[in-house]
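Encoded as structure tokens, the structure appears first; notes follow it.
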Amino acid sequence: MPNLQEYLLLAPEILLATAGLLLLVFGAVGRGMGNRDSALVTVVSLVLTGGVLLRVHAVLNTPRLLILGGSFVLDGFSFFMKLLVLVATALTVLLSVRFLEEGNYRASEYYALLLLAASGMLFMASGYTLLTIWISLETMALASYVLAGYFKRERRSNEAALKYFILGAMSSGVLLYGISLLYGAAGTVQLSELSEALRGAQGNPLVPLGWLLLLAGLLFKVAAVPFHVWTPDVYVGAPTPVTAWLAVASKAASFAILLRIFYEGLGSLHVEWQTIIAIISVITMVWGNVAALTQDNVKRMLAYSSIAHAGYILIGVLAMSQVGLWSVLFYLLAYTFITLGVFGTVILLERREYAGETCADYAGLARRSPFLAAMMLLFMVALTGIPPTGGFVGKFYLFAAAVQAGWSWVAVIGVLTSAISLYYYFRIVLYMYLRDSDQTTPTPLQAPALVGAIAFCALATLALGIYPGPFIELAKQSLLPMLP
Amino acid sequence: MDFLTAHGASLLFYLFAALTVGGAIGVVTLRSPMYGAISLLVTFLSVAVLFLLRSAEFVGMVQIFVYGGGIMVLFLFVIMLVNLHKLPDLKLFHGQSPFVVALAVALLALFSYFFVHVNFPAAFARPEVFTTVPGVAASSNSQAVALSLFQQQLLPFEIASVFLLVAMIGAVVLGRRQ
Amino acid sequence: MNGLKELLWVIPVLPFLGALLNGFLLRGRIGKKAVAAIACGSVGVAALLGLLIIASYLGSPEHAAHQPFEQEVYSWVSSGPLLTAADGVKNFTVDMGFQIDPLTCVMLFVVTFVGFWIHVYSVGYMAHEDGFQRFFTYLNLFMGMMLLLILGNNYLVMFVGWEGVGLCSYLLIGFYYKEEFPPYAGRKAFITNRVGDFGFVLGLFALVAQFGTLKYSEIFPRVAANPSLLLGPGHFGLTLAGFIGLCLFIGAMGKSAQIPLYVWLPDAMAGPTPVSALIHAATMVTAGVYMVVRSNVIYQLAPNIGMFVAVIGGLTAIFAATIGLAQTDIKKVLAYSTVSQLGYMFLAAGLGAYTAAIFHLMTHAFFKALLFLGSGSVIHAMGGEQDMRKMGGLKKHLPATYRTFVIGSMAIAGVPGLAGFFSKDEILHAAAAGGHWTLYIIGLITAALTAFYMFRVVNLTFHGEFRGTHEQEHHLHESPPSMTVPLWVLAVGAVISGFVGLPVEKWNVFHHFLQPVVYAVAGRTTEGHEASVLFNVILIAVAVAIAILGIGLAIRLYGGTRGLAADEAWERRMPAVRLLFANKYYVDELYDKTVIGGTWGLARLLYRFDAGIVDGLVNGARNLTVTVAMISGYFDKYVVDGLVNLTARILDAFSKLFRRLQTGYVSNYALVLAAGMFALVVVYMVLHRG
Amino acid sequence: MHNVPILSIICYLPLVGALLIAFGMKSSQGALIRKVATGFVFVDFLLSLPLWFLFDRNGELFQFRESAPWIQSLGVRYEFGIDGIALLLVLLTTLLGVLAFLSSWTAVHDREKEYYIFLLLLQTGMLGVFMALDFFLFYVFWEVMLVPMYFLIGIWGGPRRLYAAIKFFLYTLVGSVLMLLGILALYFYNSSGLFGWKGLGNPASFSIPQFHQIGASIPPDLQFWIFLAFFVGFAIKVPMFPFHTWLPDAHVEAPTAGSVILAGVLLKMGTYGFVRFSLPILPHATLKALPWVAGLSLIGIIYGALVAMAQKDMKKLVAYSSVSHLGFVMLGMFALNGPGLNGSVLQMINHGLSTGALFLLVGVIYERRHTRAIADYGGISQVMPLYATVFLIITMSSIGLPTLNGFIGEFTILVGAFNRVWWWGVIAALGIVLGAAYMLWMYQRVFFGPLTNPDNRGLKDLNRREILYLAPLIILCFWIGLYPKPFLAVLEKPVNYVVAKVDPTYATAVAAAPIVPAATATPAAAAAGE
Amino acid sequence: MFEVTTTHYLVVSFLLFAIGIFGIASRKNMITVLMSIELVLNSVNLNLVAFSYQHSDLTGQIFSIFTITVAAGEAAVGLGILIAFFRLRETTTLDTASELKG
């Protein structure tokens, strides 16, 4: 019978889930809660969770603690990931407020789903058996299907949900099939035992088939080519805040389990999966960036850009070294702020009925609202990976990992494609600064929450670029036991 | 007769395996979703039997209840709800289905290439593992499962509750009329 | 007195100061008088100072020891370690340094003296032109550069002056910039010179690569003592000395208008006449000769190149002379004559008669400047008219000009006792004494032709009837004293300057004076074949005869009032004698038919050749370059850049393709997923299962 | 003096100005912004002057050093410091900055606020590049600079500005990102080693002096790759022959100030990169690459000159002349001997002065007539005598006429080149002839001949402000031409240092300058460790 | 030969899996597609149970229970989406949902 202290260590997850539940209840009883109130509650609960999380990791006296029969792990890695998820979700909430008002959909369920999904992500970050990981992944996934289709009266939102659901279910089927095969080969789903068993089970054909299918499922979640097909459509169709959240939180969580499983569970096979991931990463970078070149719809362009960035992050993954791990974490952090900032700006510009999505809508923004233009400029610069922004340091770190690990050729593709990316990122800049628009009405900056979020993201982006030291240190707290 | 007693289990397996696959084929080929649902039910039930044959009584039962009961009913409801009288007059398969068949066959070949290279020792199962619980006399598979579920796999169980909550909300949010 | 030579550096500075004042500080603020004062003053002072310094040098121990007096003003270029062939890695430095030695003395005297008087002359000549101040700015600038050229104690300073005078000639030729032609001529001059300089700098590079220095006193004595330093292999299969000599001479070709780079000089006459006198007769164009003589050590070590120089010189001399015959433009005649005389000098230098070359350089400076200024005075009087066919009989209108011009012509023609006689004779003597009879003959013919065409000019211009328009005739007038005085001064120079180099060995002051400049290279005998007095006398006699012949012929054909008027007069007075003279004249007709006609024909031919082909070649070269330029322009635009844009287009195409693959049908996507899964497995098998 | 972070002050003063303008002023008050911005760069220039006097010609290689930990976990430090080469380039930057700003007063009226903000940012970026002694820091500045330049071309440029801007940006970015990989390889080789190569195990750092020290010990094959990476980055910036096509577009489309800075300073970053990094850090590779680089430079010299000759647009002509001139710079540099290197660095300055001046001059007449087509002019010297004179002087300086700066640079470069491989000198010298040809041809077509075009009759000659910003350039041209000693004296130590590092021939002969001990990286920078 | 080994189960489950994939990718009717998804999940269950028997380890069975749970949840949400879809489009044919593309 597991003792209760161990459950105390789950406090953050539990707190978050409970908050979601309460939100649901209060939203249901009587007139229910207004949009702002629920948003407030959500943010507060997220902040609280963050506090609890910090506390929990403060009381830990060991860098790595395995509890609940080895199904749940507490370490620097999970800690970082959880913080990332919480921050991302909180910012997403801020992004959502105005959007929901315009869409006038019930808010409480929306936030409840966000919170529950977030708790699922927390579990993903800490899950240590394939079972745990998978079930929490499904939690997140299911919530995101619903959120994608949350604006159910919008045909596009519904279509997005449909596509996301069918393809997601299929991919999770594949993933599950892979897990089952691994189980068949190893007879266990617990990662440390798994890696032990696999070291014995060399040459068992179930193993490669298993991790290949598993990998396919995960690549779907992180939107890597060729499993990216859902991304553009879903990103465009889903409500923009949800898109942002998908692009950031769900991607980050998926990368978390990718790293966890492949570094810890399948570390012994790294020679095999590194090459595969290298190929995938190259294809992804090229495809994403090239496809983005001719997109006029900003959200779609951003979708492809997020595909491309998945490719970049994979560079760090395939390095299979601590540096690689840290670089991935740092990059995810920087990428979170940048992407949320971008989508925030998009939301701010978005009129009802999905106006403000094409590049043309950005024409002359520099005159209409210099602030927004400057923000967008900053984020675009960061996405391109030009100093002094977090985007640069992140890419720098990733490529460093690759070069050190001897994957320079992948890094070369990476830098070249990131040069290509300049073209489409700066097309927006070009519209904002170099083109004049017919309409000169200054864009009103109502929605303080949203503006605040954007500003925060901008500051964070700069901070990560100018003084990244502390954040890198934070990333370095996470060490995964892996083979050389 | 002794043949039957000797190989009864095997025969059952072959029978229900056939049913399973047959049902599955029915699902994807039958025009009317109603019939599709029926054959899906066939698959479910025969899979349950296959479970039993691998000494997974509890799972088998769950399979029958949840699938045969819950999910199937859900499907039927929906089918009723959106009564598809104008289904028959549109194409059944997507234009690309030949490719899909080809791909499926290719996958089949590929996977079987892997599978034939595994040599599983003839089932050496120690059935008692599935039925015995330390310290409990006359225990059953259910107890064993329960024990394992509530001790080793408690965490996933909890998470599953969150999952179901999400599913509920989702269904409500999406299904509810404004 | 002795310390005066420390002021050497002041000499070039003075004209620069003048240029600075006229060009910038006082630009447009002062009247013409002041401008003239500044310009002439600066040069005049420089000239005086020059004389004093020469004096002080002659009295100095350096001169006694046959050493140049050197002066480092400041360290100019110090450009770090360099691996030299002669002595390993050393720091390549060049000083802004000056030196004075006999050669410099001569050049200094010539340049400042002639320069000063031409300045004076210009005051009158340019009095009515606008751009007066600009003109004198350029002129002073030129003087400064020229002085740098001759005073420098290393090749780089010489090169500065070298290019500087080029610039000034560019500016002065293009002085009338509002017209089309002068700027063109100026650019032609500059670029042709650049082509020469290209050779020059290559020579310098080779020297640096060898010695890591460009200082005369660090190169010549060493080489003279140890010739092997330059006898190593150079490039183009020449010895090092050969290569360097050739490169330097290419530079000289450009600057001193030798075949094939002489084409710019005739065009250069587009500039104001004083410019032609100063730059394109007296000073700049002789820089090449100066440089060759200065580098005599190198040429002594490369006899084959020396001979090449001599041959080019000889060819140029005769070639230009024959062309001179056919000119009707008075300045063109002088221009070709200049080319021809320069050829003479190179002939001498190439044969190792360095002192002779310089001697001729000096005398030529006097009489050619004189002639140009005279022609300038004529043109001035004619209101800009340069065509001799429109002149004639100017003698009575311009007495002073006439007299001085005749003196100049006699001098260049080599009339005994005048400057040209001695210098030319020395050159011919060198050729003959060296046994180079072909060159000697060429020299003789040139001499004859020179005498002939000069007196043709004299006659056509000053004698006979005036053939110009009436209003021209009306305001024909002698030039102001500011112009005639210089004429007289130079005339005096043209008469006496020859006596410093009497043809008798031991009285040849000039020769002995310059001798220290010509290094005695170890293991080589310099010029000075001992020749018997008789031999010398014969040579002189021949030369004189040639000169007289030419002059006589000219007077015969153009003399008097050339034409029927004279004949009729004769017939009325004494018909009997007429036959006699007529018979005599058959000879003349014979001459006319054969010699003259032939020469004329040749002359015309050659002129056409020059105007058409050689010049054409040069222009052709330019056109070619421009075409090549155009082509590379297109290449850049469409190929180099095209590749870049092509890449862009390819990416674009792919992007569109990818978009089309995103069909929007879930089923397709599902298929893609499945296929992706399949592909993943296949790739894995390919990679790891063989 | 060394306790005052003078370099940082100089570097960030423009940034401060930019912030001040960005947040303190309204777009409407253009005049004020103009004055404030110019004031800032002018003060910056004044501040940079003391460097010239305080710089100890015989002191250690890098002076005015500032050092502070920045990203400890990566061993990145905030390191500033300049040697003679950087000193000259910094001064050039601050000077040209002032002139560029002055020249913009009348040229730019549209969106002045942004214009001056970007110009100031650019200034900071450029200064940072020359001052940085930490490779990471260097790279940051190197890239930061691109953005403002992009806007300067893209917003205030000519008709095809959008194309030119993105082309400029893309080209340089491609180059620099590849360079980044080279930097990383160096970094890991110095510290923990990278796949296939065992590292030296030094504390992880990006310190440039540190890299200089380990340079010789880098295995040749690794050197080759790093050199390649650097080469692409720098060669595009220079630009060398096949990579030059961004230059004409950028130059032609950019506003005057942009062109001035582009030609005057930005191009120097490529050459500076070579002399600061490629040569001393990768001697083996440099020697191996010698013929190729020299070949490209020679092609660049001739090719640039020929193409320039074919141009009908003054600015384009000057742009291509830059290709030719920078060919000289590269050639001299890769002559790898004293004269070559000295000349090449000096020529960087000269090119900055003369080409900068040329662009200013073209800008002057462009403001009056709004055309740059040579054909539209002719006989200008009749209406603008002073302008003509100045233009002539600059032309002469650009075609390397003695007593002007261009000559010193070109001559020494040629001496060096000839000394390395004699026919390099021969071909390059041909370039000089061509240079005279196209420059004088343009000069004649613009200034001489009859004043045909009636529009040109009313042209005003230079006004006070224009004289003010042209005068210093002319003075400098003469100064360097007549008395280059002070500049060469500043260069002596660094040049000898580089020469000694890269070419063993000179290593013995030249007493290599004392290498400043690399900044001690913090232990935390075991970073790249495992 | 009659002996039923894990391989047999693998084969069956894989057939199921393949058929499921086929159904998802080639049926136009959304309901059928949802059913096919269930097929895939069932195939996984077969694997799990078979392997758990193979290893005499309960985890497989537990896992399959979770799978069933998840299947139920997904079915619920999926059908929810379907209903919303039907409300918007009055059909359950997938191809009608192709506004988002390119």
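Details
Letters A, B, C, D and E mark the chains as written, and numbering starts fresh at 1 in each.
What we mean here is this: a contact is a pair of C-beta atoms (placed from the backbone, for glycine too) under 8 Å apart; a residue touches a chain by one contact, two chains touch by 3 or more.
It should be emphasised that the depicted structure is a prediction, and the values quoted were computed from it without experimental measurement.
Traced through touching neighbours, the fewest hops from chain C to chain E number 1. Path length between chain A and chain E in the touching-chain graph (shortest route): 1. Greatest centre-to-centre distance from chain B is found for C, with centres as Cα means. Among the chains in view, D has its Cα centre nearest the centre of the complete protein Cα set.
Of all the chains, the one whose CA centre sits at the greatest distance from that of chain E is C.
Highest inter-chain contact count (C-beta pairs) belongs to B-E. Each chain gets one centre point, the mean of its Cα atoms, and the points for chain D and chain E are 65 Å apart. Inter-chain centre distance (chain C to chain D, centres taken as mean C-alpha positions): 40 Å. Each chain gets one centre point, the mean of its Cα atoms, and the points for chain A and chain D are 42 Å apart. Here the spacing of chain A and chain C, counted between their Cα centres, is 80 Å.
For chain C, the set of residues touching two or more other chains reads 659, 662, 664-668, 670-671, 674-675, 677, 681. Under the contact definition stated at the top, the residues of chain A that touch 2 or more other chains are 131, 135, 138, 142, 145-146, 149, 152-153, 161-163, 166, 170, 174, 208-209, 232-233.
For chain D, no residue reaches two or more other chains under the stated contact definition.
Pairwise chain contacts in this structure: A-B, A-C, A-D, A-E, B-C, B-E, C-D, C-E. Listing the residues of chain E that touch chain C in their complex gives 21, 24-28, 94-95, 97-102. The touching residues of chain D, counted against chain C in their complex, run 167, 242, 244-245, 248, 303, 306-311, 337-339, 341-343, 379, 381-382, 396, 401-403, 407-408, 411-412, 414-416, 418-419, 422, 425-426, 429-430, 432-434, 436-438, 440-441, 444, 447-451, 482-485, 488-489, 491-492, 495-496, 499, 505-506, 509-510. Residues 2-12, 14-16, 18-23, 25-29, 31-32, 34-36, 38-39, 42, 45-46, 49-50, 52-54, 56-59, 61-62, 64-66, 68-77, 79-84, 86, 91-93, 95 of chain E are the ones that touch chain B when the two sit in their complex. Taken in their complex, chain A has these residues touching chain C: 162-163, 166-167, 170-171, 174, 208-209, 212-213, 215-216, 220, 226-227, 229-230, 232-233, 272, 275-276, 279, 287, 290-295, 420. Interface residues of chain E, counted against chain A in their complex, comprise 6, 10, 17, 20-21, 24, 30, 33, 37, 40-41, 43-44, 47-48, 50-51, 54-55, 57, 59-60, 62-63, 66-67, 70, 73-74, 77-78, 80-82, 84-85, 87-89, 94, 97-102.
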